[in-house]
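Each structure below appears as structure tokens.
The same chain A turns up in both complexes below, where it pairs with chain B and then with chain C.
Take a look at the complex of A and B:
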């Protein structure tokens, strides 16, 4: 057993009693995870993304952070102008003074998991959607997560204000922390919620392992944002797992602007006719960062639909991976699935591996996919220069415009503005580019 | 203002311009007509500085400077403007910001102060009225979702704002219905001035009914094969380009 797995076992021995919820479930998950270990590049799904550097890392479950330190970090990283409820977690622990839950909508429940596990049916709500055999790191989350959020909307409840969940990781020089956000979203018939998961952080190396589960009952709607702005010392693995019933709709925005090694899995199951999912993604990799997005949409019923558009901007010596799989089950006729992945390479040293995958067992389907890897459009570049803009500004502007098309789809203005600003900040000549937005 | 001498240019190893010579003075409007593939658009692109064309020989002098030695943005700042045949859509970049950046880049080059937002908007409103454009257009992405006519109007709006010394209009009439053509032509006509030269590249003579040129050139197989006044365009219209090719023996 390697150092990482040993450290996890020790933490289990010392701290299991203090973790909320069903200990037996946690223990089963831990034993299964320890037996399998971390995924390796020998596995097809992990071919391009190595977690080998973590094998010798002794991980620590974070202890409490002082309130002053937590609040200062929230001030630095949080999106300030968002209306609506919010839960804030720093190093996996709830920071009540930073939360806002007043003015709640009847029928909408937003809870800290640590507070509700062990009560009612909360434990039963875990691991309902996630395919633990496929997403093995989710087992580690189930075994050792410290806190998270549960969002529930009862029948017909429609909320406008987004629910903001801020997960901050403050890396520590003394020990590599394992921070494990957990989110459950459940919408009953006809309900509608919008949830922003904002994952960000600073400081020394840390590992973030997040799991989100979404259960959408018939006719309900979930709009989900996963905004990742980790420090360039942080490794992050996340899986978003959703099950959509008849006429349910899910829109996912996945934005990756940070992190050293990042792996995101999205797995959506469309289990009844009329279910519809839209996946929007943007990754901007710089330096030596590595961002891997694997998405999987299972069309398990006829008349289901999916649309996916992921865009990447790669700079420096960074690397990105996109693997988008669409599965159409045998009796899932009349489905529609469209997918595209476009990448802009800003240097000669960056690398993208993009792979769309279709697995179709039905015969009456409409599917399309496409991937591009390229440089900026020469005609557009000439157009801007012919208007007097110098070449660097024109390049920066077109790069920004490429990313902005994804950001423009975010329906929440303060969030979109903040991300636009971050993207510009990552581009050369950013001061000049700001004048254009 | 502009002196093109024996210009030879090629792209991807293919000769397009084969000894083109042309002189234009300030205040003049020249039309360059010719069949498809004659090199009309290449000439406009080469003058504006599009990369990818290889200048084999010849020279282009603009206001006493070697135009071919300048980058596209330097040409723009010196006063060359190309109205594109196919204006590019750039979602995510706002029309109004592009106009402002373009104008300020040119003003800065001339040693003038950059305009503040108020002064800039005053100019824009005036020019938009001229081009009969709606204010909502300003906050849209550059040419994003514009109809063919709107794109061409936007090109002339940019020209009106930037006030170039030399304007190159590349097939500005293509894709325009008669009403849109009138708006575009009125815009161009209002920009005729003793200090400004205009070159219109066009396949059809109908644009010349609305913007009457001082000189008409016929470009065929990479060279100017005939020059004349307005009546040359009408003759071409009546007899077609084949007549001309026989007449000049190409």
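Take a look at the complex of A and C:
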């Protein structure tokens, strides 16, 4: 057993009693995870992403952070102008003074998981959607997560204001922390919610292992944002698992602007006719960062549809991986599934590995995918140059425009503005670019 | 649509027309594989010491390799000790020099196939090196080719007559340790074709080989090596049919192409081996390694394949684009019906500057078949200005078949331009309706649509081959849509 697994076992021994919820479930998950260990590049799903550097890392479960430190960090990283309820977690633990839950809509419940676990139905709600055999690191989350959020909307409840969940990781020089956010979203018939998961951090190396589960009952709608702005020392693994019933709709926005090694899995199951999912993604990798996005949409029922558009901008010596799989099960007829992945390479040292996959076992389907790797359009570049812009500014503007197409779909102004600004900040000559936007 | 489906069923369930079995005495070794068998094959072929050693090295490495499992195909494990690794027609020493000397039974076989050797040779000006089981029986038009300096013959002959060429290029594109089946082939290959086109020569005719598998329990392990020297050009055709049989037969061929500076190789395949019956019994396992190396600047390798046969096809004709401005092309139609499984595609490895590749893949699945496209486009940092365009379309016929796409794209150069697009759908009812209301019969309409679907690939085939390809497509699928 390697150092990481050993350290996890020790933590289990010391802290199991203090973790909320069903201990037996946690123990089962931990044993299964320890038996399997970390995924390796020998596995097809992890072909391009190595977690080998974590094998010798001794991980610790984070302790409490002082309120002053937490509040200062929230000040630095949070999106300030968002209206609506918010829960703030620093190093996996709830910071009540930073939360805002007043003026809630009847029928909409937003809770800390640690507080509600132990209640019968809260424990039942865990691991309902996530495929633990496929996403093994989710087992580790189940075993050792400390807190998280649960969002529930009862029948017909429609909320306009987004629910903002901020997960901050403050890395510590003394020990590498394992921060494991957990989010459950459940919408009853006809309900509609918008949830923003904002993952960001600073400081020394840390490991973030997040799991989100979404259960959408018939006719309900979930709009989900996962904004990742970790420090370039942080490793993050996240899985988003959703199950959509009849006529349910899910829109996911996945934005990755930080992190050292990042792996995101999105797994959406469309289990009844009329279910529809839209996946939007943007990854901007710089330095030596490595961002891997795996998405999987299972069309398990007829008359389901999916659309997916992921875009990537790669700079420095970074590497990005995209793997988008669409599965159409037998007898799932009348399917429409479209997918595209476009990548812009800005340097000679970066690398993109993309694989859009189709696996289709029904015949009455319209499925397509496209993937491109390329550079900026020469004619567009020429046009801007002919208008008197210098080469760098012209390139910067076009790169920004490429990324902006995904950001423009976000629909929440303060969030979009914040991300636009971050993207521009990542580009060379950002001051000049700001003058144009 | 009821009549249509009925008709469709009728067409889909048509028996394999080319199923017959010619009895010719074979000089066969008992099933099993060990170093002695390899030495026996090598001795039988009167091979030089270095080649025997090369085979043995490949065999020893093969023993250490696990059977690959990654392809999207399912089949019972193969017992490699149950296969006989050598089978040759009886009288190899007095191989016929002209068609008159050819065993009449063999000619009869070709007649049944509807591709009479002499006619094809005369009408199409094609030199045919017919591989019947493992030993070349006849080679025509040799004189004419010799005039141009082209070497075209069986592999064993080339080993005897041009050992220096064989030694220089054998295994230089597909090393003996490349993969499980390539290693097996390197150890036990029995024959195949060898082509050398000298500098600046444009091969005066299309070169063609008909492979056939015969004699029960005999795996066929061909080895083909084509070398196009600087500034030369060659078009090579390969076509196959196989007799009907109940046991699965393993076919693990290796094809190596080398294109030097300014050279061009066009390699076309029509593959129509026995696909097994409606229940999936029998049929050929076709696990082939095909790779071309664009070694010199401005060279070009083009693969065109029409895959309609075999129970399992597992084949990825690839191009290594090493030379500057070199071009790789892959055009493929893969048809899978009944319980056939196909996992096919290509690899384009861009190494040189301004290298270009095009991939057009058309997959058709019917019955309960599974058809997968698996491709890799890799652009290395040195491949400044590399360009790739990939299109893979799948057509589904019937609600129990599957069509899958697994394209890998790995880009490490910012000036690379890579486009990949794929679609999967069934024949549009609107398209069908349009044709019907123009007075076409259902069958003709479907034929037309399927042919249109494959047009981009068929037009890459040499004329005389395109005809056969369409006939094969009709046998496998004709009108199979409802």
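Keep in mind that, in the parts below, the second predicted complex is superposed on the first by the 436 of 437 C-alpha atoms of A that agree within 3 Å, B and C clash if a C-alpha of one lies under 4 Å from a C-alpha of the other, contacts with A are read in each partner's own complex, and residues count from 1 in each chain.
Just so we're on the same page, a contact is a pair of C-beta atoms (placed from the backbone, for glycine too) under 8 Å apart; a residue touches a chain by one contact, two chains touch by 3 or more.
Quick caveat: nothing in here was measured; it's all calculated off a predicted structure.
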In the overlay, answer first, second, both or neither for which of chain B and chain C A:158 touches. neither
After the superposition on A, what does A:363 contact: first (chain B), second (chain C), both or neither? second
Just to be sure I read the superposition right, which of the two partners does A:436 touch: chain B = first, chain C = second, or both, or neither? first
Going by the touch definition up top, name the partner, chain B or chain C, that contacts more of chain A. C
Quick one: classify A:404 as touching chain B (first), chain C (second), both or neither. first
Counting only touches as set out at the top, which of chain B and chain C does A:416 meet: first, second, both, neither? neither
Contacts of A:384 with chain B and chain C, given as first, second, both or neither: first
Chain A residues within the chain C interface of the complex: 44, 330-331, 333, 343, 345-375
Give every residue of chain B touching chain A within the complex, in rising order. 48-52, 71-73, 75-77, 81-82, 84, 86-88, 90-94, 97-98, 100-102, 105-106, 109, 141, 158, 162
Chain B partner, complex, touching residues on chain A are 377-380, 382-391, 393-394, 397-398, 400-405, 408, 435-437
For the chain C and chain A complex, residues of the former touching the latter: 70, 379, 381, 394, 396-426
